[in-house]
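In the two complexes that follow, chain A is the common piece, with chain B as its partner first and chain C second.
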Partner chain A sequence: MKLRAERTEFADAVSWATRTVGARVTLPALSGVLLEAGEGKLVCRATDLEVAAEIAIPVQIDEPGRVLLPGRLLAQLVARFPDAPVELTGESDRVEISCGRATFHVRGMQAEDFPSLAGPAEDAPSGRLRADAFARMVSQVARAASTDEGRPVLTGVQVTAADGRITAAATDSYRLAVRSLDFEDAIEGSALVPARSLQEAAKAATEVGGSVTIILEEGQVSFLFGDRRLTTKLIEGSFPNYRALLPDAHETSVVVERAALAEALQRVAIVAMGQANTPVTLTFTDGSVELAATNQEMGDAAEAVPAEIEGDGLSIAFNPGFLLGGLEATGTDRVRIELRDGLKPAVLRPHQDDTEAATDDLTYLLMPMRVS
Partner chain B sequence: MRLLVTRCSATYDGRLSSTLSEAVRLVMVKADGCVAIHADVGAYKPLNWMNAPNSLTDEGDRWVVTNPKGERLVIELHEVLEDVSYELDTDRGLTLDGVESELQALLAEHPAHLEVGLTCVQREFRTDLGPVDLLCRDPDGGAVAVEVKRIGEIDGVEQLTRYLERLQRDPLLAPVRGLFAATTVRPQARVLAESRGIGWVEVDLGVLRGEEEPHPRLF
Partner chain C sequence: MHDRHPESILHVDMDAFFASVEQRDDPSLRGLPVAVGAASGRGVVAAASYEARRFGVHSAMPMVQARRLCPDLVVVGHHFERYREVSRAVRAIFADVTPVVEPLSLDEAFLDVAGAVHLYGEPPVLGEWIRGRVRDELDLPCSVGVGPTKSVAKLLSGLAKPDGLLHWPAGEVVERLRPLDVSALWGAGPRTAERLRSFGLRTVGDVADADASVVQRIVGDVNGRQLHRLARGEDPRRVTPRQPARSVSAETTFDVDVDDPDELRRHVLRLAGSVGRRLRRQGIAGRTVTLKLRFDSFETVTRSTTRPTATDRTHDLVTAAGRLLADLRLERVRVRLVGVGVSNFGDGGGAEQLALVTDDVDTHRWGRVERVADRVAERFDGVDVSYAALLDDLAGEGPDPDLREEVAEDLRPQRPSPATRTTRTPHDP
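Right, the complex of A and B next:
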């Protein structure tokens, strides 16, 4: 193999492939990045058998070929190269990489050992979304997914495509985030996608921009962004029927400035910190919401924020981290909180005073805590 | 309870003979007369012990424990590092977790732990082969018969199969789905349940009681 690549493109490609796949290596070949040069482009591939990342960049090829090089080492090297074209020469057992006056010889691995993972089928139906809207949806929803591998289905985001819309839902059983979005080109189907993979896909969508193509297949889903592709295996098992959890009515509705509430919450939560499961209590009364936290060792804190309240006043306690997550997810200047009573789940939604203005179709359901 | 931390050696004569060479050990004399010599290893099991009834003769630096069966344990106390006595509370007995009736009551109260959206219609729903633990309805209105066990084994699945067969005859209920719930469902019971189209679910008693869970869950 002999090729010449533009340094920034090459560095970005190697770094993206290695970073996207992560470091869960079970086979030596999985620590490698497969470089395949042919037809005027260099394709970089990495996989951990769960997620596969592929990126193609234009290069000048003198001799086509394929080599498997240690991913992290290569990424570290090229990140520090001077701003000059990068040249790769040689075969897997010894590859010469040079850039400016720097020359490295890297021992590669057998390219045949790199697992060949099936990409999406040519004729698989594909849906298309705006990349920025997709990334935003993922950032709003994936935060509610569980990190507890003991319940694998909850570490995923349930993605459902139907009636021209895509709906993403995630829950760790304490909270649930659901968001829908219109397709540009629609598909039908559903998939339980690992939250981490989806977050990587969202990151790539933000970097590349434009639109993202989604290909849903049996057992896997692929996301295509320009010359990048991320394919991930799906989580087996059935996601809870979350629609049954969404309340269809509320007794009290509160509209409050998001930043003011979030800041007050973070201040009051300082007292709650250090003691696991210390809730922050929100008391909704005439024209304000009072936040309070008590920690037997540290003391207590209280702060009031103006709020528009419709319905009866009430008190409800939340895990401050989960509430803050919900406030961040809504994204609007003002948020609406819908409540039934102090022990039933609350719903957070984005709020616009102008009823004509578009808001994200987001529902963030949050289970309150008991206060003794 | 008398506890002695002591550098000691011991000899036992009875069903067999054994000798413990000199070392620092814990000698425990219980109020009922049991004597046990513990090392810092071996979990609950003493190196040497004599079950009550015993008689203990304290000869200062030498204890002689004998019992009516003619067994004899002699402990030579070379150095006593600690000698304390406490009066312990009378035994309240061991309470085993996971009693089925408690599980049944908790699941009747929180059927969402069995399946999201499930509501409990009746506990101990009668069939002519005996009562099924819980009769529930799913969000679509379908009837679900639930059998609750502490440990889910094959015989529990068999039992639920029999109830289901009777319940399917009730036109007001049929079709009835089966759900087998236990804190642990054995692999064979899972296979049998699945082969018969019966669902199974493992429930966490601690979570159900809300003891380990100050933060209630959505489901």
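Right, the complex of A and C next:
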């Protein structure tokens, strides 16, 4: 193999591909990035067997070829290269990389050991979303996914594409986040995507910008950003029927300043921290919400925040971390909290006073804690 | 200090606990033969009401067999959370009588009422008072044995069932024990009793009259000495109140260092099972799971993970501890000790995170499987329900070390098993 690449493009390509390369790998080949030169372009690939990253960049090819190089080493090298064209020559057992006056010899691995993972089919239907909107949706929803590997289905985000909209839903069984978004180009289908992979795709969407193309296939989903692609395996199993869990009515509705409530919550929660399962109790009364936490060892804390309350006052207790997550997800200056009673799920939604103003179609449902 | 009352020990045992709770909560079940357990073909009876027991139905019996014995059997699902709640309420009643309470499981406990006698009356009166409160406040039947020792109190509560109280004055215990079958002795399971009978020791009196060394030769040193004493009405064990545990853990030190990851995983599985069983018996659940490893260099590492909710499910402990082990990515290291622990029992005012009812039921099913397995292990001496991955180990090593550990606690408090030790750290005073 012999090729010549532009430094910035090459560095970008390596850093894109190696995003899936973790510090600890089960197979040595998974620590590598596969470089394939041919037909005027260089394709870089890496995978952790769950997510595969791929990128193609234009390069000048004197001799096509294929090498598997240690990913982290390569990423560290190119990040420190001087601003000059990069040249690669040699075969897997010994690759010479030079840039400006610097020359490195890197021992590669057997390219055949790299797992071959299918990319999306050429003719697969593809949907398109605005990259920033997609990233925002993922950050709002994926936080509600479970990290408990004992319940694999709940570690995923259920993605459903129908009627020109994409809907993402995640739950760890204590809270449930659901959000919809309009497609620019619509597709139909559904997939249970590992939350971590989806967050990786969202990170990429933020970095690259523009739009993201989504291809849903049997067993995998691909996210395309121009010449860059992430393909992730899907989780097997069926996601709970979350629609049935969303309450259809509420007794009390509260509108409150998000930042004020979040700050008060964090202050009060300091007392709750370090103690297993200590809830923060919210009492909604005339014109205010009072937050309180008690810790047998540390003492107690209370703070009140003004709030607009419709309906009867009530008390409800939450895991402060879960409530904070919900407040962060809504994103608007003011949030709406819909309640039924102290033991029924609460619903958080973004709120705009101006009813004409657009808000994210987000529902963050939160189960309370029973205090005895 | 008062003089020790001669028969101050109470054993309180809820009658057909799970089944009684179900009958209480659903009046249409009252008077009917009820079995608690999974209705499906391969389910096992977790508890049977007295109406069902009349047909020969008992816990740990396959549901199919139970239905054959009692065609009108009403099968209801478990509500373990509710049983735990009721158990807490029962213990609150005990606490009104004496601080010296030693719970054995969700549905039975020993009480030493020596300190309460001068305030409230003789132990049988206190026993009836407890039965009355449990009946009035919880609408549930229980039986009470009153005697000078733990073993006699437990024996009497069994004889008093259902819904009764029996009391033997200290002076009459030895004589009254004599005609009973040897199986009445605590620690004499079916196998032990059979062995004693095969040597002609049929009644408790036979055992009491025999030389201690003879009994020891028949059933082993420790067990023999213990049975001989019990047969003579001697039982020095005190009612030891359980401090609320801060952590429950089990660890194993290997005779030969282990470097096979699969073997290590199997040990983790077994230890998690032991810890899970203990949590469930004590009716507690924790959020933090800890894995402890000591290498041949004596370097010790502990890794822990905290879940959003407390668990007492072996399946959850196995998942968490297994993951901690996998994350250590041990390669070619020699391990001399492995331990699994649970802590963070969440006394934050007893708050409990509620969960959505999702149709992802697998984990809940595990919980039920484990409860039934616990019942089977409780009922059948020497039988344990375990993971298939441990079958080879069990065949090779004889009884599960966990089982020995439980015997160790009940009969030999001073002698923890050398293989497995369970540590409980009590609250600081």
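In the analysis below, the second predicted complex is superposed on the first by the 367 of 372 C-alpha atoms of A that agree within 3 Å, B and C clash if a C-alpha of one lies under 4 Å from a C-alpha of the other, contacts with A are read in each partner's own complex, and residues count from 1 in each chain.
Here, contacts are C-beta pairs under 8 Å (C-beta built on N, C-alpha and C of every residue); 3 or more make two chains touch, one makes a residue touch a chain.
In this text, all values refer to a predicted model and were calculated from it rather than measured experimentally.
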Check chain A with both chain B and chain C modelled on it and let me know: fit or clash.
clash
Larger contact residue set on chain A - chain B or chain C
C
Touching A:Thr231, do we find chain B (first), chain C (second), both, or neither?
neither
Look at A:Leu245 in the shared chain and tell me whether it touches chain B only, chain C only, both, or neither; answer first, second, both or neither.
both
One more residue to check, A:Pro345. First (chain B), second (chain C), both or neither?
both
Contacts for A:Asp148 in the overlay, against chain B (first) and chain C (second): which applies, first, second, both or neither?
second
With the two structures laid over each other on chain A, which partner does A:Thr47 touch: chain B (first), chain C (second), both, or neither?
neither
Report for A:Thr294: first if it touches chain B alone, second if chain C alone, otherwise both or neither.
second
Between chain B and chain C, whom does A:Thr171 touch in the aligned arrangement: first, second, both, or neither?
both
Chain A residues where the chain B and chain C footprints coincide 171, 173-174, 176, 240-242, 245, 277, 319, 343, 345, 365, 367-370
Touching chain C in the complex: which residues of chain A?
24, 148-151, 153-154, 171-174, 176, 240-242, 245, 272, 275-279, 294-296, 317, 319, 322, 343, 345, 365, 367-372
Which bits of chain C are touching chain A when the two form their complex?
286-288, 307-310, 315-316, 319-320, 323, 329, 344-360, 362-363
Which residues, counting only chain B, touch chain A once they are in their complex?
116-117, 139, 210, 214-219
So in the complex, which bits of chain A are touching chain B?
171, 173-176, 240-242, 244-245, 277, 319, 343, 345, 365, 367-370
